[in-house]
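Multiple structures are listed underneath, in structure tokens.
What follows is a pair of complexes built around subunit A, which joins subunit B in one and subunit C in the other.
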Partner chain A sequence: MQIVKLPKENLDKFMGGLSKFGEIHAPIKKDENTYLFSKIEDLSKIELNYNRTILPPKKYFLPPNETMFRFSPEKGYEPPQDNLNKKYVLLGVHSCDIHGLKILDLVFSGTYVDNYYFTRRKNTSIIGVSCIPDDMCFCRSMETDFVEDGFDLFLSDIDDSYLVRIATSLGDDMVRANQSLFKEVDKEDIAEYKRKSNERKNYFKIDLELYNLPEIMDLEYESKIWEEIGEKCLSCGTCSMVCPTCYCYDVFDQLNLDGKTGERRRQWDSCLFKDYALVAGGLNFRSERSARVKNRYFHKQRGFVAQYGRPSCVGCGRCIQSCPAKIDIVEVMTKIRSASYE
Partner chain B sequence: MSNHPSTSGADNIYQPSLARIVRILPQIEDHRLFQLRFEDSGIRQSFTYRPGQFVELSLIGTGEAPISISSSPTRPEVIELCVRKIGRVTEALFRLPLNSLVGLRGPYGNGFPVEEMEKNNLLIIAGGLGMAPLRSLLWYALDNRSKFKEIILMLGTKISEEMLFKYELLSLLDRTDMKCLLTVDKDEEGIWPAQVGVVTKLFDAVKVDPEITYAAVCGPPIMYKFVLRKLLERNLPKDRILMSLERRMKCGVGKCGHCSIGYKYTCIDGPIFTYWDAINLPEMI
Partner chain C sequence: MAKPKVGVFGMTGCAGEQIVILNCEDELMDILKVLDIRSFHTAMSENDEQCDLDIAFVEGAVVQPEEEVWLKKIRKRSRLLIALGTCAVWGGVAAMKNEVSPQRLKDEVYGPRGQIFKSIPAQPLHSFVKVDFSVSGCPIEKEQFLQAIASLVHGDIPVLPKYAVCTECKLNENTCLLVEKSELCLGPITVAGCNARCLSYGIPCCGCRGPVEEANIASEVEILKEKGFTLGDIRNQLRTYAAPAEVLQTYFTKR
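Now for the complex of A and B:
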């Protein structure tokens, strides 16, 4: 992969030049230690040194709610004419979140391809940025602390410059459009990059060991730990909303005031909500909170592994940070693993 | 971004196609058989399915619900859905007059592995509304009679007034190329022309050769318990016992998450599961 260097004094000029590739969205600071991906009108608002955004970039591809069809009794269901083809540049995406999108790609592709999702994916370029983990990051455990593909460009911070990996033809165009801002990578840059990435390993404070976790989870299926977490969990679904790999959605028809026409919409759902597994007639396959909590953990760390070959967790730490009941997935998995836990 | 699947063309996996209700056949209380015909002649001719698959039925302005197909692909052009009035969508369906338009998409799910089941004995065991998906398999097998060895149907309901497809199934009693066993738990007036007793009692009248038999089972949870015991007692391999399961199959295409059971999605990995799958999946029945 081709790698060039972008001195930090050229960063603003480079970002300014990106607008011709699409509407720029990047992290901005909302409050102390709170960041979010937002449309950028003022480049100086972009915050590339951030720990995590409240919502992951999935909101751009699977919006919290969207219209799937407009319907009328005469014409049936017609997809909205909204412009899904608008171009976006998503700048400042962390490695874990790029992995999150790659996991969503698995779900929305396959035999049945979800065009709403992939049209947006195709029209959005991704520029990644390196990061320093905080005490809730466990991407290293989930093998998502580095990323090899799934971006057009990736910026790795080496103090006064960024090393820029060029992964796609589009990424190459972005560099070529501002060629004069870039320099060649020299030996000192390489040394600095190695020093930085070695140092980064030491910042991780928590670890979720994946080794034979699916088997351990099968063995602990009846464990009382699920009851314990069920007692704590508020079924609020926040962990699902902030999760870069949670994709469940609900679909409903919304009538206009004429009582005939309307829209079929989908919106984010959570397997922790009480009516999630309810079927017509009132039978609920997971009416107990503990069953729903267990199902969520099993799906992420066990079921998804069976279906797609890897867990659907990228270690971003958002669920740990956001849970109002202070349920911590790393703590739960460590407990399950511990031989002394009964 | 490169390497994404093609989104060109008009393929929208969630697009319902309009179909007209051409016939409504009342069954038992709160159950009707709806005959639907796609408006578009191209779809009408190309639409085919496997026994055991389901469709997503859209009622314009109300929503979508998964419904198993009760007709057989051997009888094309019209799709039959046997529906129980039980939720928002089905209640709205029961209010619709003949000739109304509804939306349909599908077919979804794995369906029965019919090619694999051919050249074998077929044991179809249904309880209650379980006959709805199994009727598709039954007629598929009867319309391809030479491809199967013995065909046995065992159906049990509490009383004869609760038997779906009652007259159609009673007419099978005369067929010599199959065994049709229809039982009711109670027959107080003594007028039921077939068996009386619970469905498991019907096993006394049949011989199950475990080497060459597939069983297809669908019914209420309590029935599974007793029927499975009977089948296992007769040494039927666990992966030759096929069951049709119900979950909240909202999208039908393995995306929305609602029908997950353990490590599988009912909508794409099922709704037909083997008994072996069932033991390995928590929360299955």
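Now for the complex of A and C:
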């Protein structure tokens, strides 16, 4: 992979030049400890030193709400009005979130390819940025603290400059369009990069051990730990909304007042919702809260491994930060593991 | 197909639901195209009090014996009865008074003249009659009301969100007032549909839409206590809009 250097004093000029590749979206500060990806009109609002955004970048590819098509007896089915082909540049994406998108790619490219998702994916370039983990990050445990593909450019902070990995021809075009802003990488830069990478390992405070986890979960399927978590869980859906790999959605028709025309919509859903597993006839095969919490963890750490060969958690820490009941996935998994050693 | 015959009625409340209906200014003509409104005292001067109805929309809580009789009469003449607003669905603000003796309330509020009022504990409609569908909110959301009409006209029971306000709040990417700011927020146990309006303006959820189906009151109370709120503060907030709700009754009776 080709690597070049972008001195920080050239960062603004580089970011400004990106607008010809699409509408720029990047993290901005929302509040004292909260950030979000947002459309950028003023480059000075971009906050590349952030811990995590409230919603992950999945919102750009699988929007929280979207119209799939409109229908009427006269015109039949019509495509949505939103322009799926609009170009975007998503700047400042962390390694864990890029992994999150790669996991969504696996899911949406299955038997029924999701064209809404992939059209947006195709039209959005990704520029990653390195980060310093905080006390809720456990990407290292989930092997997502480093990313080798799934981006066009990746910026790694080495104090005065960024080392820029170029992963695609589009990324190469972005660099070439601003060639004068970049420099060649020298030995000292490499040394600094190595030093930073090694130093970063020391920042991790929590660890989720993956070894044998799927089997341990099977063994602890009946554990009373699930009931305990079920008692605390509010079923509020927060963890699913903020999760970079939760992809469930609900599809429904929204009718207009005439009762004939309307649109088919889809909207994020959550397996924590009581009516998620409600079926015709009123039967609910996960009516207990504990069963729903258990299902969520099993799907992330057990079912997904069986189907795709890796857990669908990327260790971003969003669910830990945002759960009102302070249910912490790392604590839960550690408890389950300890139970299996008893 | 004939337009469904509809009545809009108000028990005790602020008439907020009826005002929301009248505020659907851009849609009123479309509503009249699909509904045959026979009774709507707040909006019309000629009302049919006897005809059979396909749908009765009823707002407000029942707080007087006369209202119980009236509500039952409405139920008898309507194929569907739909509760509109938190008072009709949960008892609402009026039901906060239920714990205090009616005599004391009358004396304090009206003095000796209070004797002319006959009052019973404020209750939601379902305490007296079968309610086919509920649209909660204080007041109801215009969009939900229009969606409900569209579904009903099409012959479907409307589908409204059953999840909590937190979900909508996250989708709006608000900073969590409960987690990040330790404010007394009822978002996790309050039913969504408002698009987390207050929270998007930085005001914590006061629970005005009533509880979610399986509200985990015990966990919410624990969370708030840990943040330093007293059980009294929490109880007052929880009881403001939905005091008669079984989930609250059960929680507080157990204690």
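Keep this in mind: the second predicted complex is superposed on the first by the 334 of 342 C-alpha atoms of A that agree within 3 Å, B and C clash if a C-alpha of one lies under 4 Å from a C-alpha of the other, contacts with A are read in each partner's own complex, and residues count from 1 in each chain.
To be clear about the criterion, a contact is a pair of C-beta atoms (placed from the backbone, for glycine too) under 8 Å apart; a residue touches a chain by one contact, two chains touch by 3 or more.
Being a predicted model, the structure only gives us computed values, none of them experimental.
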Subunit B versus subunit C as contact partner of A:S95, first or second or both or neither: neither
First, second, both or neither for A:Y77, with subunit B first and subunit C second: first
Subunit B versus subunit C as contact partner of A:G262, first or second or both or neither: both
First, second, both or neither for A:S156, with subunit B first and subunit C second: neither
Which superposed partner A:N51 touches (first subunit B, second subunit C, both, neither): neither
Touching partner for A:K274 - first (subunit B), second (subunit C), both, neither: second
Touching partner for A:F252 - first (subunit B), second (subunit C), both, neither: both
First (subunit B), second (subunit C), both or neither touched by A:S130: neither
Overlap of subunit C and subunit B interfaces on subunit A (superposed complexes): 252, 255, 259-260, 262
Subunit B-touching residues of subunit A, taken from the complex the two chains share: 68-69, 71-73, 76-77, 79, 105, 107-115, 118-119, 121-122, 124-126, 149-150, 152, 168-170, 221, 247-253, 255, 259-260, 262, 264, 266, 269, 271, 276-281, 285-286, 291, 295, 298-299, 302-303, 306-307
In the complex with subunit A, residue positions of subunit C that touch it: 27, 30-31, 33-34, 146-147, 149-151, 153-154, 159, 162-164, 166-167, 170-171, 173-176, 178-180, 187-189, 212-214, 216, 218-220, 222-223
Residues of subunit B touching subunit A in the complex: 1-7, 11-18, 58, 60-65, 84, 86-90, 101, 103, 246-248, 250-251, 253-258, 260-264, 268, 282-283
Subunit C contact footprint on subunit A (complex, rising order): 30-34, 36, 53-55, 64-65, 231-238, 241-242, 252, 254-260, 262, 268, 270, 273-275, 289, 321-326
